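Working notes, beginning with the structure itself.
To keep things simple, chains are lettered A, B, C, D, E and F as they appear, and every chain counts its residues starting from 1.
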Amino acid sequence: MLYVTRREVFSASHRLFNKQLSDAENEEIFDKCSNPHGHGHNYVLEVIVSGEINPKTGYVIDLKKLKRIVRENVIKKVDHKHLNYDTGFLKNIIPTAENIAVGIWNELYDKITEGRLFSVKLYETENNYVEYRGE
Amino acid sequence: MLYVTRREVFSASHRLFNKQLSDAENEEIFDKCSNPHGHGHNYVLEVIVSGEINPKTGYVIDLKKLKRIVRENVIKKVDHKHLNYDTGFLKNIIPTAENIAVGIWNELYDKITEGRLFSVKLYETENNYVEYRGE
Amino acid sequence: MLYVTRREVFSASHRLFNKQLSDAENEEIFDKCSNPHGHGHNYVLEVIVSGEINPKTGYVIDLKKLKRIVRENVIKKVDHKHLNYDTGFLKNIIPTAENIAVGIWNELYDKITEGRLFSVKLYETENNYVEYRGE
Amino acid sequence: MLYVTRREVFSASHRLFNKQLSDAENEEIFDKCSNPHGHGHNYVLEVIVSGEINPKTGYVIDLKKLKRIVRENVIKKVDHKHLNYDTGFLKNIIPTAENIAVGIWNELYDKITEGRLFSVKLYETENNYVEYRGE
Amino acid sequence: MLYVTRREVFSASHRLFNKQLSDAENEEIFDKCSNPHGHGHNYVLEVIVSGEINPKTGYVIDLKKLKRIVRENVIKKVDHKHLNYDTGFLKNIIPTAENIAVGIWNELYDKITEGRLFSVKLYETENNYVEYRGE
Amino acid sequence: MLYVTRREVFSASHRLFNKQLSDAENEEIFDKCSNPHGHGHNYVLEVIVSGEINPKTGYVIDLKKLKRIVRENVIKKVDHKHLNYDTGFLKNIIPTAENIAVGIWNELYDKITEGRLFSVKLYETENNYVEYRGE
């Protein structure tokens, strides 16, 4: 079994805000991440697929194909978007890196037809990143 | 003469939009960068100061001091902000990387008291960056 | 379950030397890493915490809080220090990357109060790094 | 138990081509990667060894020794080579990143005499990489 | 005046060989870079354009447009190619990084219609790069 | 004319301390950089040579040769050393990045026999670097 990874980058805005809490509670929890006009990141996404090598191609999954799946099902929904307003699969969800990673996992899971989705890693900054393995 | 550089990172939103043009013209020029809710980046800023070495310290300018000047005069005005709405020195300016770099130059120029400001480099993504040298 | 990572950098000196061995044995084992005056690195530290998402915040652990825990309990003890002389938790330990990683794990383990410490990764150079998972 | 990693870089050419298929089938599967004259990459290789710390040295395995093992058994066979023609351990194998990683694992496995080989990671580009753990 | 940069990556093979010299002379000069089957790199290209800001757009040149110019005039001629055989503008030229950079300058110079081409930087590896400014 | 760059990395300790000042003055100026036991960095050095392309080789200077010159004249004097005690060309000099860069320029200047030394860039951390061009 091998693990193959495709890396993509997208630029998006977000605001961390829990609608069920008061403004004061939101500011206490989220501080400057709760700025009303939002702020943004160049998110780096790594999608990791596990599987066996197909002897005909030498691939687990053709990375050109994985790239298309990721761009079609994730990147076009998040790149140059405000994640709180423009991205259907994040509606009514606090768009922390953790929740975005879980959302991306759900968008991709049944689209991977060779091998299986093993992990979604999401870098919010060069110092902060999260990983979700469907566990 | 030497050139000394301090690198800082900030996370911000922006929307490219020229108020003097129609929505159709804005979309034609700025395309997805003109998305009404904005999008964002982890901007990487490099501030380069030129000058001679002070023999007492071995420094052109103490980089700890340069870091404080950059954070006080730039970073706290742009980090976790929406550049179109929250940043005074960018009011009524289309916040392209070019215009942000010129704005940062103007915020910093007379705050550098040892050596002189030589260049402002601003990376918007890993593939796009601009430089302004006050020319 | 998710994995969240905070990255920090610190600059330190060390000397690889086993006091229970002769100078000749030390030089044979550690070679230039045993230079008496020491040498140094910009160490890159990644602290990985695993846990479930708190629905109130969308966080496993607030990365601003994790940053404070890592800086308070590790970075202030190792940054701009000589690890053989200045760092209590490395006293009488050969400060290889392996031993430093285990020491950092021990300093952090019971300070992580949301989620649990999963891994400590330590990059000594761009070509050499180690990981400890408490196994 | 710890995991220690040595990173090496090599520059090589390859052509993706399955001799048992027609030219048309090869072009359909491999597209521009099947260009007859080949193309190339700066491959980044990470070799990860797991094991316990030797109390005499503080090492799992001396990374200077691991570097020599990797250079002797892998790098000198692949660096500045065409992988389809010049590299014995890849003869008659489609040199995808997956197959190269498995080949490197096999070249290294019994050469690691302290600790045991845990993983081979191979970056073909900054956006595509694979990992093999002997599973 | 500002300087704006677009970065692109391409994967190519090359062989350093001067047809006017003997095989022995070639091997003495180019050593392993003269391996008959060639070797390859992930070349990183930076194209830098200088000019004044257009007040209507805030751009020196729209980086989306610069990206198209670079891809159309350079990347499609060199990516996934063998530079000695497949790239017209390098025919009968020893494809050192220096000569490739000059060739790319010549392909691009009169295609840049806003601002003017200021510099072509070409990274052959993470340790070796060249720059040409048309001087 | 072209500019060709060779990048090297070295790991060293230093202490910022001016012998002609009191301990209190040193601490005020250099703060934690004046810690008596020193601290260290993975310094990244870029040596840039300018010159014309030699038509016989396609090189300004063979980068393999430049690598040997830099390693022989600089790296072996600073790598795995304490710059205050072990490095002859820095004796009695406060080893700031600025002074180290000037020292490296002086060690290299007349050793470059093809093209001429154009610039020495020295990264002390990922956020701080200096450049000296002999001006």
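Operating definition for what follows: a contact is a pair of C-beta atoms (placed from the backbone, for glycine too) under 8 Å apart; a residue touches a chain by one contact, two chains touch by 3 or more.
Source: prediction; values computed, not measured.
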Q: Could you tell me which chains are in contact with chain A and with chain D alike?
A: C
(Q) Validating interface symmetry: for the copies chain D and chain E, is the fraction of residue numbers used by both over half? Same or different. (A) same
Q) Among the chains, which has its CA centre at the largest distance from chain B's? A) D
(Q) Can you tell me which chain lies farthest from chain A, using the average of the Cα atoms as each chain's centre? (A) F
Q: Find the geometric centre of each of chain C and chain E from their Cα atoms only, then give the gap between the two centres in Å, rounded to an integer.
A: 41
Q. Could you state the distance in Å from the CA-based centre of chain B to that of chain F?
A. 29
Q) Going by the touch rule set out above, which residues of chain F reach two or more other chains? A) 126
Q.
Please list each pair of chains that are touching.
A. A-B, A-C, A-D, B-E, B-F, C-D, C-F, D-E, E-F
**Q.** Complex contact set, residues of chain A against chain D
**A.** 1-8, 53, 56-60, 62-64, 67
Q: Under the touch definition given earlier, write down the residues of chain F that touch chain B in their complex.
A: 16, 18, 21, 29-31, 93-99, 101-102, 126-133, 135
Q) What does chain D use to touch chain E in their complex? A) 9, 11-14, 32-33, 35, 37-42, 79-82, 84-86, 125-126
